[in-house]
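Dropping the structures in below, format is structure tokens.
Below are two complexes that have chain A in common, paired first with chain B and then with chain C.
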Partner chain A sequence: MVGKNCFAIASDRRLGVQLQTIATDFQRISKIHDRLFIGLSGLATDSQTLYQRLVFRHKLYQLREERDMKPETFASLVSALLYEKRFGPYFCQPVIAGLSDEDKPFICTMDSIGAKELAKDFVVAGTAGESLYGACEAMFKPDMEPDELFETVSQALLSSVDRDCLSGWGGHVYIV
Partner chain B sequence: MECVFGLVGDGFAILVADTSAVHSILVHKSNEDKIMVLDSHKLIAASGEPGDRVQFTEFIQKNVSLYQFRNGIPLTTAAAANFTRGELATALRKSPYMVNILLAGYDKETGPSLYYIDYIATLHKVDKAAFGYGSYFSLSMMDRHFHSGMSVEEAVDLVDKCILEIRSRLVVAPPNFVIKIVDKDGAREYAWRESVKDTPVSSA
Partner chain C sequence: MGDSQYSFSLTTFSPSGKLVQIEHALTAVGSGQTSLGIKASNGVVIATEKKLPSILVDESSVHKIQSLTPNIGVVYSGMGPDFRVLVRKSRKQAEQYHRLYKEPIPVTQLVRETAAVMQEFTQSGGVRPFGVSLLVAGYDDKGPQLYQVDPSGSYFSWKASAMGKNVSNAKTFLEKRYVEEMELDDAVHTAILTLKEGFEGQISEKNIEIGIIGEKKEFRQY
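Right, the complex of A and B next:
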């Protein structure tokens, strides 16, 4: 979700195999660099593999360009990597959030074959996706300060995952 | 049905596996050791397709030894777990290994750890984990009685409670279990829990 010169990215903490919960402390959101985070929902093995590939590509980029990747560029990279596997895809839906030039927040989500969906307010992914759309639409206000953004994101996340049996067990929220 | 479970205690990690080798309705043997000693301070308990189980865990064991020969120092548990996940992930979209793995190890710097690696290469560091139909019973028992920093006696007591549940509630319950432990003194067999003993084969 986008705020005033800041963004928030949040996920639930459940790692499960269909009906069985394996762990309640699974990290779904990873840092690419200080101003860029990616959350990967879907099949855990593919999100771990995809994350490793993305970190690899970003480190190479850092070595060549001597700077961090912009969020827009990174989103295009993720989209390209996902579409490469068009006929044997990674079963992941990424949510990308970052601060681009002049601290302008950037958010986007994709389906599992890399179709980008940019938004100005909020993006959602995962099994509780529809629920999240509803909750965020109801609670979102433009230009929220970080503290208010944190409250909004947390409440939207918790109320949506409470209605989904495959999500839950708490949440991780990152504010940048 | 294969039952594997494990937990982390105070300065040690314990792994338990059933010991039946089954082919459809026939039990070939009831003293098959499914927990392999990976190196001096690591244990790998595997359940799944029998051929894949043996071949894959031996492959991992040999590669872990190779690293130690080449570099003079042993791999950390986390590194071994990530290597195992990498091998499973690479094979996943070609010809997957149908093996679920619990990797337990002890590192001097970080203490005991347990890693859950399922057959589609999902890796997660956990305090307690289980695979198979037995997991429905052992996970629930562990959720009730586990607390962090258990002593060996408390942990083995919990293991026995889980084995009792599996034996009494699982319709195709395996008769025998092996318990192995890894701590600062290394990885070793702790005990067997047998209710059916194989008759010894008389020599020719």
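Right, the complex of A and C next:
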């Protein structure tokens, strides 16, 4: 979710295989660099591998170009990587959130074969996706300060995952 | 003396530690038509002589300065056909970068990849080095930049540089005339003057070619 010169990215903490809960502290959101985060929902093994590949690409980019990747560039990279596997895809939906050089927040999500969905307010992914859309739509206000953004994101997340049996066990929220 | 025994194969070092084929390639460059580039505070200008072998040649069909992307242009000294091949490869690399990152390629990256291609041809079997030196001029987020790429694959960033037939005179002239905070228009003027220094015959708009890159644009004029 986008705020005023800041963004929030949040996920729940459950890792499960259908009805069995395997872990209640699963880290779904990972850092690419200080101003760029990616959350990968879906199949855990695919999201781990995809994350490793993305970190690999980003590290090489940093070494070659001597700078961090811009969020828009990173989103294009993720989209290209996902489409490479068009006929045998990674089963994950990424949510990308970053701050550009001028502190302008950027968010986007994609489906598992790389169709980018840019938004100015919020993006959602995962099993509780539909109810997250509803909760965010209801609670979102433009230009929220970080503290208010945190409250909004947390409430939207918790109320949506409470309605979904495959999500839950708390949440991780990152505000940048 | 010993060197000439090693000049048959590109991929063999001579006892003095040189790759003789590359030296010869640099000689080929040195006998090509003069070209030069100047980096100003708000842009870059590249220029070259365009001496055609006969007055019957249609000069509007000959383009010695080419653009690699909308904001990067290149000029050469040396063998024209080698230049065309390099331009083609560089354009493809720039487009591949854009396809992956949806961003225009930074000048440094394109120069690095072009230089890597030129280096490949100094270390493979059955090929010869490119007989051209390139002056790549571009404008990206880091500002205006000018790079020279040699047949060996080494590249340098320059504030002002010249290559080809009249290189030592041109460079001396540029050294004297170069000012740190030069504006683009002054740089164009200086470039034309430098070309005029070594020009045989009458300089006119039909026998030189100039490329100018201001912010984010590349356009050419005679």
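We adopt the following convention: the second predicted complex is superposed on the first by the 176 of 176 C-alpha atoms of A that agree within 3 Å, B and C clash if a C-alpha of one lies under 4 Å from a C-alpha of the other, contacts with A are read in each partner's own complex, and residues count from 1 in each chain.
FYI, a residue touches a chain if its C-beta (ideal position, glycine included) is under 8 Å from a C-beta of that chain, and two chains touch if they have at least 3 such contacts.
Because the structure is predicted, anything quoted here is derived from the model rather than measured.
Trainee: Does chain B (first) or chain C (second) touch A:S76, or do both, or does neither?
Mentor: Touch partner of A:S76: chain C, not chain B.
Trainee: May I ask you to decide whether A:R64 touches chain B, chain C, both, or neither, giving the answer as first, second, both or neither?
Mentor: It touches chain C, and chain B stays clear.
Trainee: On the superposed three-chain arrangement, identify whether chain B or chain C touches more chain A residues.
Mentor: In the superposed model, B touches more residues of chain A.
Trainee: With both complexes superposed on chain A, which partner does A:A44 reach: first (chain B), second (chain C), both or neither?
Mentor: It touches chain B, and chain C stays clear.
Trainee: Using the superposition on chain A described above, determine whether A:G88 touches chain B (first), chain C (second), both, or neither.
Mentor: After superposition on chain A, A:G88 lies in contact with chain B alone.
Trainee: Quick check: in the complex, which residue numbers of chain A touch chain C?
Mentor: Touching chain C: residues 64-65, 70, 72-73, 76-77, 80 of chain A.
Trainee: Okay, in this complex, where on chain B does chain A touch?
Mentor: Those in contact with chain A are residues 85, 89, 92-93, 116, 118, 120-124, 126, 129, 135-136, 139.
Trainee: Would you pull the chain C residues touching chain A in the complex into a rising list?
Mentor: Residues of chain C touching chain A: 99-103, 106, 108-109, 112.
Trainee: Write out the stretch or stretches of chain A touching chain B in their complex.
Mentor: It comes out as residues 15, 17, 20, 22-23, 26, 43-45, 48-49, 88.
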